[in-house]
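There are two complexes below, and they share chain A, which is joined by chain B in the first and by chain C in the second.
Moving on, here comes the complex of A and B:
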């Protein structure tokens, strides 16, 4: 990326259109207040181009330039951003729209590979074993998810392997 | 036959850009009643009006129709022109071919032109049947009412009283002063709020023309501009204000008896008050009240009952407040009406200045509202105020220790779809003020301020803000996302530095929330009593956002201060003085005009059936005895000319002047031709 950007209105509207069509409907409502990024665990963990900054870059017409950006794969889908956003942007949806854009272009950063492999194995991009913790608070140890369900895992694997993702040779 | 003159306006390209003005003019010229039809680029210009005047003066026309923009703004202009040329101004009719035609049909010029012809023919049909009407006048009561005794109400009341009018000032709390009385110092000059407000409050208390009614509320408003009848409820204070000297002895014993359970609203709940209390030290009037809902009737001494006799001592057991009062102002044995008393007053105009409330912190769950060290900015005003609970010493509520780090959070409930989408306008500035005052007093204090952006638009405001930066106050762009409560009531701030694009986390001892300004729920009650309306932001709606900022849709009712929208003190006072000036207009004139386009009953045709009476939305119709029989009669000062009665009368005894039957039929005929 060069040190300066030109504000190209065609690139901006193209970027907004792409993100909106892929599910990031609220992107134009963002007023850049930064509340989302104040609570985002992804940002805290060193993935700066999430929610607020990701939106800003799209609004500056930098969608294509960001195609290799790895931050998006640091999103935990926790939706804290959605909860605190005062403008109803639903930033998490923008992040996911951006991921879809990256996936459609088959552009994965290396940091995304582990999570893709996790997705293939467990049906979760980020997965941690919470059985002990759940027992402690009196919940059934195994949450009803694909992580503990071989049949569901098989189905997810079939889906992934037959999708364009299969062509990447990750699995 | 009437001689109708028709004048078609181009309104620049507003009308002519869509409608074929010449075709419309030619069409008009061919109408049988029309003697002359002209057109002009701007009919409302001097030269346009001159066309009309000349035709009248020359005796060419005796009815005038202007086809142009809208009667809402321009009818008065053309009526005045017609009148100045010597014709009765009600022999004028307007055809709306801009707002209702060219503006709504820009894509269909042909049909728009056709519609303009119909609208014009309809106006001509009506105009040729119009009758001259006369304006009527009624006398006004030369007194004013101001509702709400904050700095807005105080400023309005003083202006009106200085003009010489008797002015009633009704305030629901025991003292006037409003929120300004709760503030420590005020931006942008940092003068002490009490120092500049107290003298005004004292002036109000002493002014020979001001009738101060505190601890009172407006219950009912009836009548119209110039002649309002208002019912004011004086709440029951349970203390004889004629005797009370404001010494506060009752309040002092009571706060002990009630063991600090009653939060003091003036100190924003940071300290207790008694059930018997004085609003605040500089109160005007400085009188005590007993808040009966919180009174525990010490020693069983209930209101309206003689004290019990002690079995031990044989003496009466008198409540401590009564015993403490050196002025004999408390006599609990009296029969009190808990509802207080109602007084009826008559005024010619009313200024509403009921102010605002700040949002409670409880709504913001992500901002640790249960922590004692999270306070609203108004609470901080009390903490740093010399009359506040800590005598002006900066302490954090959890342990009364001086904080080392203090955090300011902007836009809490403002600029937020979940609460209020508007900007509260004053919080950026008052937070900067609070930070500056604290930094001056405690230079080692670490102050972090988090803004979406800083709004400092006002005379000398930006300089005040940049001054804060120079003082070493940390100003950060980025909204605080959350607060986490740590052990021992410490707080972790989750923030973001927009410029550096990095998250920020740190521990803070005291966090101040700039919660939004809004109208309280009780604002609805006053709206119902007065006919006030609300705007989209749920403040009282002014007549016009630019040209009628203090007027309302109810004639004779005006707005001042934050009840119309968030503002700082300079703007509040400017608006309040403006409101006083316009409220004085009907009083100064001594009479108000009654529009003659209202309904009238022909007593000889009225059968006395009474159908019209309950239908009138303004209660303007009553029965009057005419030759021993009841006949409907319409109060011309109450009638608004809606015409409901006219259409309902089975005897066709009611006419609506300016909208008579033959006039309306002529319009319909033209529109359906």
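Moving on, here comes the complex of A and C:
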């Protein structure tokens, strides 16, 4: 029986503090009932460390050990968990706080890079030159969004560059 | 005529502009004037700012809401994710005076200020609450009588219900899209996985096989339980998932059928008699046959 988790009170408070500061305020209210995991599409699809189990691991002081865990990126942000939690934990906020912890340590999948770059350049996470397609359906070729609006692009670049995201070297 | 700001998001203007065209055609017929929010950006999508920094998420979302505030109008979005993300951001800002102050500090750099005077609606809420099924019925040229639709409301207009100001009576048994689709004359039977997730979103970009597994469960539930003529959704992300992923399952030999998929306002526009080459022109899953069926002579409504 060497494979046990040694509870370390310092690591527990450190983990709870990190998650709380990043937006997971309700984490300490969790009673591990599992109602959230029962309705979670992420868990159903096979990403196990969401909702109840993610919270349990943080409460056991395992935050650092989970840094490469990909389950959080499978979260749909659907908030079914938030709706059913009898304790008001708002588990989705905990999952996203955990994601922020990972992202700020640059522990996210490379597939996330393109959308960050697109957001910075065009103001759109998803962007493709759709001018021909738009004309085909009778619309103005250039959508009235930031994609074709330099002032708007400058604005979003300012917001991103002045934020903690600007310090990660993504742009 | 009530005026509303049309927030387009990313999927609709760049991947499915025929959905955008269906908004521009159908709303004026129903007495809603659609005004563009020039320079709007991404909501921002869950995988971007919301995954990095809560205040940055709120600043970017609030900038989009400010575009509507500046025009003194409410905002409506056709994408569930945009609706969820911007509604939650608004809630995070208004719930925490310190955050509101920080966000407004950040917005100063671009000479903007968030006040919180504009509400956020999803297009389905506008159609249901401001227009209403009766008025929709009156606007029709063709009836969908005898056609069967499987509806897909999508997640982000349902939960978390406490931050949305327009909501279902029971978010695990949604009826808004059902009533809107019935207003077209279609039959909308219940199927057991109606409120299930389709697997689009973060799940699809993280692990496409897991996403397809959820999608297959949902699709088979529709097919086996109600065998619909079409799938109708009010989420642009769900639309793309149903449209693209049926093709993948078909190519893999996992299904021997496909079901045409429409965004709600596309079927509405077709039933109002608009040109399919403008309002329902782009899809991977074939839908020409059902489009011709909808706009067939025998379905013309006799207005006496």
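Methods note: the second predicted complex is superposed on the first by the 106 of 171 C-alpha atoms of A that agree within 3 Å, B and C clash if a C-alpha of one lies under 4 Å from a C-alpha of the other, contacts with A are read in each partner's own complex, and residues count from 1 in each chain.
Please note the rule applied: a contact is a pair of C-beta atoms (placed from the backbone, for glycine too) under 8 Å apart; a residue touches a chain by one contact, two chains touch by 3 or more.
These figures come from a predicted structure and were not determined experimentally.
Undergrad: Is A:30 touching anything from chain B or chain C once the two structures are fitted on A? First, second, both or neither.
TA: After superposing on A, A:30 lies clear of both chain B and chain C.
Undergrad: Touching A:16 in the superposition: chain B (first), chain C (second), both, neither?
TA: So A:16 meets neither chain B nor chain C here.
Undergrad: Between chain B (first) and chain C (second), which, if any, makes contact with A:63: first, second, both or neither?
TA: Once the two structures are laid over each other on A, A:63 reaches no partner at all.
Undergrad: One more residue to check, A:54. First (chain B), second (chain C), both or neither?
TA: neither
Undergrad: Would you check which partner chain A:86 touches, where first means chain B only, second means chain C only, and both and neither mean what they say?
TA: first
Undergrad: Name the contact category of A:44: first (chain B only), second (chain C only), both, or neither.
TA: Both partners, chain B and chain C.
Undergrad: Could you say whether A:163 touches chain B, chain C, both of them, or neither, answering first, second, both or neither?
TA: second
Undergrad: Who touches more of chain A, chain B or chain C?
TA: The partner with more contacted residues on chain A is C.
Undergrad: Indicate the residue numbers of chain A shared between its chain B interface and its chain C interface, in ascending order.
TA: The answer is residues 44, 80, 83 of chain A.
Undergrad: Can you check the complex and tell me which residues of chain A touch chain B?
TA: 31-40, 43-44, 48, 52-53, 80, 83-84, 86-88
Undergrad: Name, in rising order, each residue of chain B that touches chain A in their complex.
TA: Going through chain B, the ones touching chain A are 366, 411, 415-418, 452, 477-482, 494-496, 498, 501-505.
Undergrad: What part of chain C is in contact with chain A in the complex they form?
TA: Against chain A, chain C makes touches at 8, 10-11, 13-15, 17-18, 20-21, 24, 36-42, 44-56, 59-60, 63, 81, 84, 106-107, 109-110, 112, 155-156, 158-161, 171-172, 196-197, 199, 201-203, 205-207, 210-211, 213-214, 275, 277-279, 281-282.
Undergrad: Would you tell me which residues of chain A are touching chain C in their complex?
TA: 22-23, 41-42, 44-47, 70, 73-80, 82-83, 90, 92, 96, 99-100, 103-104, 108-109, 111-112, 115-116, 119, 123-128, 130, 133-134, 136-139, 143-147, 149, 151-152, 155-156, 158-160, 162-165, 168
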